[in-house]
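Sharing a structure with you now.
Chain lettering (A, B and C) follows the sequence in which the chains are written, and residue indices restart at 1 in each chain.
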Amino acid sequence: MPTTRADQHRFRLPTLTGALRLLPWLVVGLLIFAAIAAPLIAPYDPIKNVGSPMLAPFSPGHPFGTDGFGRDQFSRILHGLGPMMFVSVGAVALAVAVGGAVGLISGVMGGWLDWMIMRAVDILMSFPLILAAILVLVALGASTFNLMLAVAISQIPIFARLTRALAAGEVVRDYVMAARASGFGMLHVMVSEVAPNILRPLLVQATSVVAVAALTAAALSYLGMGARPPEPDLGYMVKEGQELIFIAPEQTILPGLVIAIFVLAISFCGDQLNEREGG
Amino acid sequence: MGGEVFRRLIFLPVTLFFVATLVFLALRALPGSSIELLGSQFTTAGLKEQLIADLGLDKSIWEQYGIFLGELVRFDLGRSFLTGKDVSSMVGETLPVTIELAVASLVVMTIAGIGMGLLAGAFPGTLADGLLRTVSVLLFSLPWFWFGIVLIIVFVLWLGWFPAFGRLPSSVDYEAVTNFVLIDAIILGRFDLVVPWLKHVTLPALTVGLTTSGVLMRLTRVGVIETAKTDYIRTARMKGVPGPRVFFRHILRNVALGILTVIGVQFGAMLGGSVIAEVVFGYPGIGRMTVDAVLNRDYAVAQGGAIVIAAFYVLINLATDLSYRWADPRLRRGGR
Amino acid sequence: MNTSITRRQFAALMGGTTVASTLSLPAFAQDGKTLVFALPGLVGNFEPHTWVGFGDTVHVMDTVARGLTHMDFDNPLPQPAVAESWTISDDGTVYDFTIRPGLTFHDDTPIDAAAVKRTFDRMFDETDPTRPDASFAADNLGGANVKGFDTPDDMTFRIMLNAPDAAILGRLTRPDMIIISPTALEQHGKEIGLNFVSCGPYKISSVTPNERAVLEAFDNFYGGKPAIERVVMQVIPEPVAQMTSLASGDLDVTNLIPHSNVDRLEAMPGIRIEQSAAFISLTLAMNVEVEALSNINVRRAVSLAVDRQAIIDEVFFGKAEMPGYITPAAEQGYAPEHMELSRSDTEAARALLEEAGAVGTELTLISENQGFWPRLGQVVERSLNEAGFVVTVEYLDTGTFNAQLFDKTAHELAFVQRSAFFPDPDGRFSPLYGSSTSAAQEITAQTSLPEQAELDARIAAANAESDPEARGRLYVELNTFMAEQMMPVAALVNTFLPVAVSDDIQGVNANALGTYRTFLENAAPAN
């Protein structure tokens, strides 16, 4: 009968898929560890020519070979992880903070203010995002921090709209009505009543957006608008390596692969959080 | 419904006004102007001042803004500082390229997304489902520019199946009419353009289409699973309607609405966002034109590009909403 | 077709797989009748009197248009073109050009002195209704030094100068000094760039902006009809696409490939790299009004600190050469002893810095963020820091870079590239270091140096000397004077654009292509 099949299911799935479900978290953990420990575990200085020939092939001394300046590619990729995470996580955090605040005000206050804010968000959304980011980077100059800012700015309208939708859903609930009826001010309603209740779904969404932010940042670096050389930056390494595809294709393939692995792991983590939130 | 459409159409010029103002001010806030690029060495005294006056950059910023808006309401996007060309004609050259690429990418996205979604949704919980879901996330995770380069290495360098760049091979002589190759092929009766064009568009369309197919895949998959649970499908099955027919007649029709929305949203996003694919594959689209213009401080071109992209974005979203309403009988009857 | 497959197999082998497809595209360019050339961009506006971009203003222009004289880059002196000969007045201020008889423009309009004068009048007359906005071509002919033009008879065109200018014949070989059909100019006015008609070896057949220009051989070209009937100038801006299309046989001639790939492409069957002279000089400009750089010994230390061998190896992969000072070895005005002026010696640099009490001097270097510039920036930063400077490099987009470059309050060190549109020694000096130029006023700010007056006098004297040998000697001295007394720039290296040519084509002017100029009239099928 069906019960036995369901029991079998329950018995088998947790072990197999459970392990698989753990994998993305492990990968993210490993990458974070590698990023933090990069100065300790990287065999060489990522910026200095290590006295090896340019474009040396893979070897035990240089697991990923050397780049066009004779720098150790493995060390450069390790040191490039930190900036990638700083930019993508930092940008989303900033976008959640600013977009969240704007969306919260819009959703809770309602009325003409809500209408104005949402129309402003509509206008910003119709502005090509990558162009907005490029304008910011050209104005501020290329650096890792400015790259983070540029990506954040391009994500703010998305979070404003999302937060507004979540907040508007909460405002009509009984507990908010009760709070307002008991004479609490709007600020109190926003910060103490609505915000805590929408924080969870917002953060779950934010996890998924980290993946998008990492890709956007990498694309801007590829266009030469991110980190300033010789600082290691994975997107810029793809750009630097691409003219060498005849000679040393790994120069462009490896850094891109690392970006893809990070984004993949983050996306799976975000999915799992989403599923738990939804179900 | 008519009222809503009207309201949004009215709002279009307002949106464009703000986008135009934003980009106008942002460009002027950037360091430098195209003057330095135009004449890198000035050996005659006063030449720089003459160039500045020629381009109207000696006027105050508000005067320039007034002129810009005045031209804009007459649908005049001005003239490129650097190339002396009419911005409208430059948009006419580059916009079709981007739309062409976006449409080709949408075709890839739709086939890949719906295909994977239907397959995964038909066998939920199986190994195939898990695999397909992983693939869809994987495709999403690939950086566009990198995926494009990898496709070039594999399909151009190693296999030699496709050309690496551009829209048509250099052997083809072709005087553009609309600059949409397929439409021109029909107008001019030049059907020899079709196959070379397809070969050229394949890799960029795969790059953009596959990396964006994930959303559609999930949507289709969930839609299939949800619809399969509903009463009328069960009823249909009990009545003995054969599987595939139920699948296509009922399930697909119900998923179609969501798919339509995703396609619309992606289309809008691709117009501005395909810059990267345009750079990697040497596609002369409007995104690339606009970014280059920003970097060269070619104000009129950058403004024109941003305004046109924004206008298309708004119009496509409107069209998506309209088709959504049209396709969804419940909405058409005013809700249920 | 055969070469194409071998090349692709070769590429496949290099890629680490032996899969070479039989499905490869047919190679179109191998029939000997079509030559495919790579462009960095194409706007589709061939207005000669404004700068539109390298694609329009140089590559296409050089192929479809011609002026009174022509620089073939093999002879050091300009050769006859539309003018078959010329005479120069004794005081060097009046040039009479005899127009070659029987020539026509691509639209069959005959070329005579009046037609030539029409083009030059347009350049100089600000009230000419056909003149484009923001035109500065007149400046490239000599600006205020040009007194006027005349036509003593139907086939003689006269240029009158205020002061002698030995470079004028060279200036006339510039791509913006070409002759426009007066008929077309009459018809199209300001829109001439979109409907361009001149008298070069090829005429325009069709133009698709951003994609390609198709050109056809012109029967009535003064040098005879070119051997290759059709030239396709195809826009291929990205290096990856350039190299793959070279390998697949879809591209015949290009000067856009990165230096890093020269050896690899040379090893490919069916492709050769033509050796060209190093006409492109790269310099590190020093803003002498910046406190730290106001001391000439600090500027000398900068020059000594630059590791030029590292630049040659790591930035240009061996495809560059050590510089003299301003004049490259390929041009008149160079002498081997100039090599000593741009010596690299870290120890000597450090000693000079210590003597000046300037160890640890902080300097900012501005660089463009594309092409080979970021690589150059990294090597220069490294080598200056080794000598005791503390250098940070700002990598800027084109617009910001140019804005800061031409503003002496906005930069300290900056990269400047100079190529030779025509290899005349004056072109290396007066447009960059004469005190009336914005380069001298804003990039190096050297106009504030007391030696500038003497430099101006020496530049004027050298350019007024009509005897080529004596003139060459004056430029040799000029290099030494500027390096020893002023040192407003440090010479980095001299290089060239690597020119890759399909084995199916011969006779491509590689020296010209190595410095952007594009003369394809002598190209011919190889067999």
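The working rule: a contact is a pair of C-beta atoms (placed from the backbone, for glycine too) under 8 Å apart; a residue touches a chain by one contact, two chains touch by 3 or more.
These numbers were taken from a predicted model, which means no experiment stands behind them.
Peer 1: Taking mean CA positions as centres, which chain lies farthest from chain A?
Peer 2: Of all the other chains, the one whose centre lies farthest from chain A is C.
Peer 1: Out of A-C and A-B, which chain pair has the most contact pairs?
Peer 2: A-B
Peer 1: I'd like to verify one number: the distance from the centre of chain B to the centre of chain C, where each centre is the average of its C-alpha atoms, in whole angstrom.
Peer 2: Spacing between the chain centres: roughly 37 Å.
Peer 1: For chain A and chain C, let me know how many angstrom lie between their CA-based centres, rounded off.
Peer 2: About 44 Å, centre to centre.
Peer 1: Take the average of all CA coordinates in chain A, do the same for chain B, and state the distance between these two points in whole angstrom.
Peer 2: Distance between chain centres, rounded to whole Å: 23 Å.
Peer 1: For chain B, what residues touch not just one other chain but two or more?
Peer 2: 30-31, 149, 152-153, 157, 279, 294-295
Peer 1: Listing for chain A: what residues touch at least two other chains?
Peer 2: Residues 138, 242, 245-246, 249.
Peer 1: Residue numbers in chain C touching 2 or more other chains?
Peer 2: 11, 15, 240, 247, 397, 399-400 - these are the residues of chain C that touch more than one other chain.
Peer 1: What residues on chain A touch chain C, complex-wise?
Peer 2: The contact residues of chain A facing chain C are 49, 54, 68-70, 138, 141-142, 224-225, 228-230, 240, 242-247, 249.
Peer 1: Which of the residues in chain C end up touching chain B in this complex?
Peer 2: 8, 11-12, 15, 17, 19-21, 23-25, 28-29, 34, 36, 43-45, 47, 50-53, 56, 132-134, 136, 138-139, 143-144, 193-194, 205-206, 208-212, 214, 232, 234-238, 240-241, 244-245, 247-248, 250-251, 397-406, 430-432, 434, 436-439
Peer 1: Hey, which residues of chain B end up touching chain A in the complex?
Peer 2: Listed in rising order, the residues are 11, 14-15, 18-19, 22-23, 26-27, 29-31, 130, 137-138, 140-147, 149-150, 152-153, 157, 271-273, 275-276, 279, 287, 290-291, 294-295, 306, 309-310, 313-314.
Peer 1: Which bits of chain C are touching chain A when the two form their complex?
Peer 2: So the residues of chain C in touch with chain A come to 11, 14-16, 239-240, 243, 247, 258, 260-261, 264-265, 313-314, 369-370, 374-375, 377-379, 381-382, 393-397, 399-400.
Peer 1: Considering the complex alone, what residue numbers of chain B touch chain C?
Peer 2: 30-34, 36-45, 47-48, 50-51, 54-55, 81-85, 90, 93-94, 97, 149, 152-153, 156-161, 163-171, 173-176, 199, 279-282, 284, 289, 294-297
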